[in-house]
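Take this structure first; my questions come after.
Residue numbering begins at 1 within each chain, and the chains themselves are lettered A, B and C in the order written.
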Amino acid sequence: MIEFLQQLINGISLGAIYALIALGYTMVYGVLRFINFAHSDVFMLGAFVGYYAVKKLGVPVGGLAGGLLVLCLAMSICAIVGILIERLAYRPLRSRPTLSVLITAIGVSLLLQNLGQSVFGANPKAFPRLFPETNLHLGQLSITSNQLLVIAVSLVLLAGLHFIVHRTKTGTAMRALSFNATASSLVGINNDRIISFTFGLGSALAGAGGILYAMNYPSIDPLMGTMPGLKAFVAAVLGGVGSLPGAALGGLLIGLIETFVAGTGWSTYRDAVAFAILILILLLRPAGLLGKSRSDKV
Amino acid sequence: MLPRSQIVLLISLITAGIISASSSRIDDYILDVILGIGINIILAVSLNLINGFTGQFSLGHAGFMAVGAYAAGTLTTGPGKVWFDASGASPALLFPFVLFAGGLTAAVVGLAVGAPSLRLKGDYLAIVTLGFGEIIKVILQNIEWLGGSRGMVGIPSYTSFFWCFGAAAVTIYAAWALVNSTLGRGFLAVADDEIAAEAMGLNTTRYKIIAFVTGAFFAGIAGGLYAHLKGYISPAGFDFNKSIEIVVMVILGGMGRHVGVVIAVVLLTVLSEKLRDFGDKRMIVYSALLILLMLTRPQGLFTWKPARKAITG
Amino acid sequence: MNRSPFHPSTFGSLFAAVCLSLAGCKPADTGGTSKDAGSGTGSGANPGKIRVGEYASLTGSEAAFGQSSHKGTQLAFEEINKSGGVLGRQIEHLVEDTQSKQGESATISKKFISRDKIVALLGEVASGRSLEAAPTCQAAGIPMISPSSTNPKVTEMGDYIFRVCFTDPFQGRLLSEFARKTLKAQRVAILSDTASAYSVGLAKFFKDPFMAGGGQIVLEQKYSSKDKDFKAQLTAIKAVNPDAICVPGYYTEAGLIVAQARQLGILVPIFGGDGWEAPQLIEIAGGKALENTYYSTHYSSENSDPLVQAFVAAFKARFNGETPDAMAALGYDSAKVLIDAIKRAGSTEGPKLRDAIAATKDFPCITGRTTLDASRNASKAAVILTVKDNKFKYVETVSP
């Protein structure tokens, strides 16, 4: 029983990180209908911004202020990078078939990874400790302050996003764009601006995710984004791509499933399980758990 | 009188045989690079059937290569060796059957992967094939009698110039013949507009599966050749990056083009050797090139005619 | 479709391609390299340079190990060239990067042998890539010395293949002894990396003697290289309450595993092999979590032996104050063993050189006195290190 509860805690805290990354995928997919492969590398970039902010710029860490400063720095730099990627690589292709955009996205992802390997070096680096850390013990159960932080930040960001999408003017425009891009520009929405905003927001989330991930798993390398990125993508699809609560639910489920698979001695197939879920969900319920199904437009 | 295409194939095979007979005079390193080109041609041309002509996007080609490599390796090195030795025939004669068996195994796996996943479109298919490639790697890592993560050691070097380029010529011929057959029209229809093709009464999934399985078959053959060239294979060598390498060759050459792809393979492989000292910088250039190409020259670097509609949109 | 000009030109381009690559590569062959290369293989009468090849993973996932090893090798050759070379000739040290990728090692070894005409090959850190290059060296009769490939298969590839490090069976045996005698552990859990041949092998070589000695493996859990979250496996391990945990993996994961185990309140000793050896281990796990952890490795930079201290000082002077790790020491040793063998053979011819390397006996290496046994493996002592106050500390030496 204790073991089960501990695995539950492990699964939820892992799932919270997947959820955080999945939110970014889902937002971009919602407005542009394509998978931003480079999202997981922006996530990696976020972790490295944090690393260099501490090591090279000498942002003092260990206290709350320094940690938050690093977090904000990573989020803003990632937002800028995200907007630039969209502006330079994706926007010129907007009228092209998805395949061209997909290839470009893979190209951007590879470029970031390889630039990372050459600029940051391929060796894993130890991520500095940003916030004061403690282990909390509840009887036999244990949870770290970092795990709690991840869960809290994910919840706050989810609520914030929900507010932006459903309660602000920009959010209404985002939703309009996602329903029908032509119609939204007809009613006076500046599609380009909304898409830039979405990319910026999604990338800022990725940056925050990168920092939180690196705090929990303090070994960072330029290829660190690939696996969590793929898992988060599976989470987004599982929850229903385009749906914010869906992404959070999907992330949580993937985190839990993985943890229980790994905890019962099937850990070698843990990555395989995520992909198996992806295939199953796409075949059985392509719209995902919370998504609305839509048919292809001719 | 044979059709012209078959004459060309025959001439190619004979030329390959002649060059092969004198290949002992080429030094080992250059032979290794040239055979590497042959294997990459098979991989790129077969992936082009899926990604280029049929307009799908597979990111798991290295997985099929792995299946072919392991299946062929099992016959000459692993448990199948008993049978291989007992047959009494010369290894050189048996080798094409070994390659064929590798291709067949890959094709069967291709069918198992393709049948459920090819109902998906575009980016979903890309992720699912990527996932399958990784799953194949994980499964191979867990099979003890195939060497597990240590890999398969001591595979004999049967890959000669003739078998390598013979197989490459056959692959190109088969891809060409397929694309220009009734089936090939189906591929192009799927690539051009899947919904319209379906509306015309085409069973699009069937065409996609045929292209996919054929591609997997030749990837398996390439795997067998690779295993018997390098003498050592391990699951980690057939990862996502290997798939990406093949994808880059197809895209640089021009999707849905044979000539461009072959030129791209040769140039990239030779350049990779020449630019050995630049190591990791090479991949930066490739990925930047990929983006620039999509933005400015989506038909590929080595294709001068404008690409078909499906790719330029 | 562009039917008629389309396919013949494809075949045309295929063969044009072959000719092109032939033409592209050949001139370079007859150009610079082959002239001095001819002298390189001479029987010693020729005063040209001796060419030695080294292939290492300088980039990619195992770059940390490859870089270290390469620096050691580089230092050894620089030293010998400064002191006048060997047999009166300088050594030309050729280096190629395998990018931690499969397929590269075979090509590189062929390049070294057929074009650069090397007399011996040094490398690789990873067993998988050593296994790939070994058949080429064996077939060409060029001796190959691996600095730190510990998988037993490597030297089984042929009588031209050597190594200067101990093997995984030895390391596994000593870890099992250490667990039973020093740690007094009876019930041990194993957490190994299925994606790494090294980890799978070492886990097995630990398990067999440990169980033969009456120990009990209470749980075996697995992970894959590049995983970051091990809490699921560790929670399962915690539930069976072992006396110690064996983590035969690389430092990248081992560091995270130790940190997460301590977070979960697992305070029993955790131990592993030479894959832990890297300064980043302490940075990743944190010094406090690493207390009560142990790993076996090839040498300790704290060893007071003057030979070791001279090496550490020279290495620090050459590479910006960096402290050499075990990989660097083994890279250095592999070059030293080769130089010594060339001296004794008085020649750089393959068979003579092979016999001289095979006859290496009690050679003073940085990683201990080295004797190559009949199966071309080094038999030498290993050391066990622990971490105290954010520093690696020497615990004991285990002789074979």
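Following the convention adopted for this analysis, contacts are C-beta pairs under 8 Å (C-beta built on N, C-alpha and C of every residue); 3 or more make two chains touch, one makes a residue touch a chain.
All values derive from a computational prediction rather than experimental measurement.
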| item | value |
| --- | --- |
| Chain contact topology (line, ring, star, complete or other) | complete |
| Of B-C and A-B, pair with higher C-beta contact tally | B-C |
| Inter-chain centre distance, chain A versus chain C - centres from mean C-alpha coordinates, in Å | 37 |
| Chain centre separation (chain B, chain C; CA means) in Å | 33 |
| Set of chain C residues in contact with two or more other chains | 59-60, 194, 224 |
| Two or more partner chains touched - positions in chain A | 117, 122, 268, 271 |
| Residue numbers of chain B (touch at least two other chains) | 138, 141-142, 280 |
| Partner chain C, residues of chain B touching it in the complex | 4-5, 8-9, 11-12, 15, 19, 26-34, 36-37, 41, 138, 141-142, 148-151, 153-154, 157, 165, 168-169, 172-173, 176, 179-180, 226, 229-238, 241, 258-259, 262-263, 265-266, 269-270, 273-274, 276-277, 279-280, 305 |
| Contact set on chain A toward chain B in their complex | 34-35, 89, 92-93, 95-100, 102-104, 106-108, 110-111, 113-115, 117-118, 122, 226, 230, 233-234, 237, 268-269, 271-272, 274-276, 278-279, 282-283, 286, 296, 298 |
| Residues of chain C that touch chain B when the two form their complex | 1-4, 6-11, 13-15, 17-18, 20-22, 24-26, 29, 58-60, 96-97, 99, 101-103, 106-107, 110-111, 113-115, 127-128, 131-132, 135-136, 140, 151, 153, 157, 194-197, 200-201, 224 |
| For the chain B and chain A complex, residues of the former touching the latter | 55, 57, 59, 116-117, 119-120, 122-124, 126-128, 130-132, 134-135, 138-139, 141-142, 195-196, 240, 244, 247, 251, 280-281, 283-284, 286-288, 290-291, 294-295, 298, 310-313 |
| Residue ranges of chain C touching chain A (in the complex, touch as defined) | 59-61, 63-64, 67, 194, 220-224, 226-229, 231-233, 235-236, 238-239, 252, 255-256, 259, 263-265, 280, 283-284, 286 |
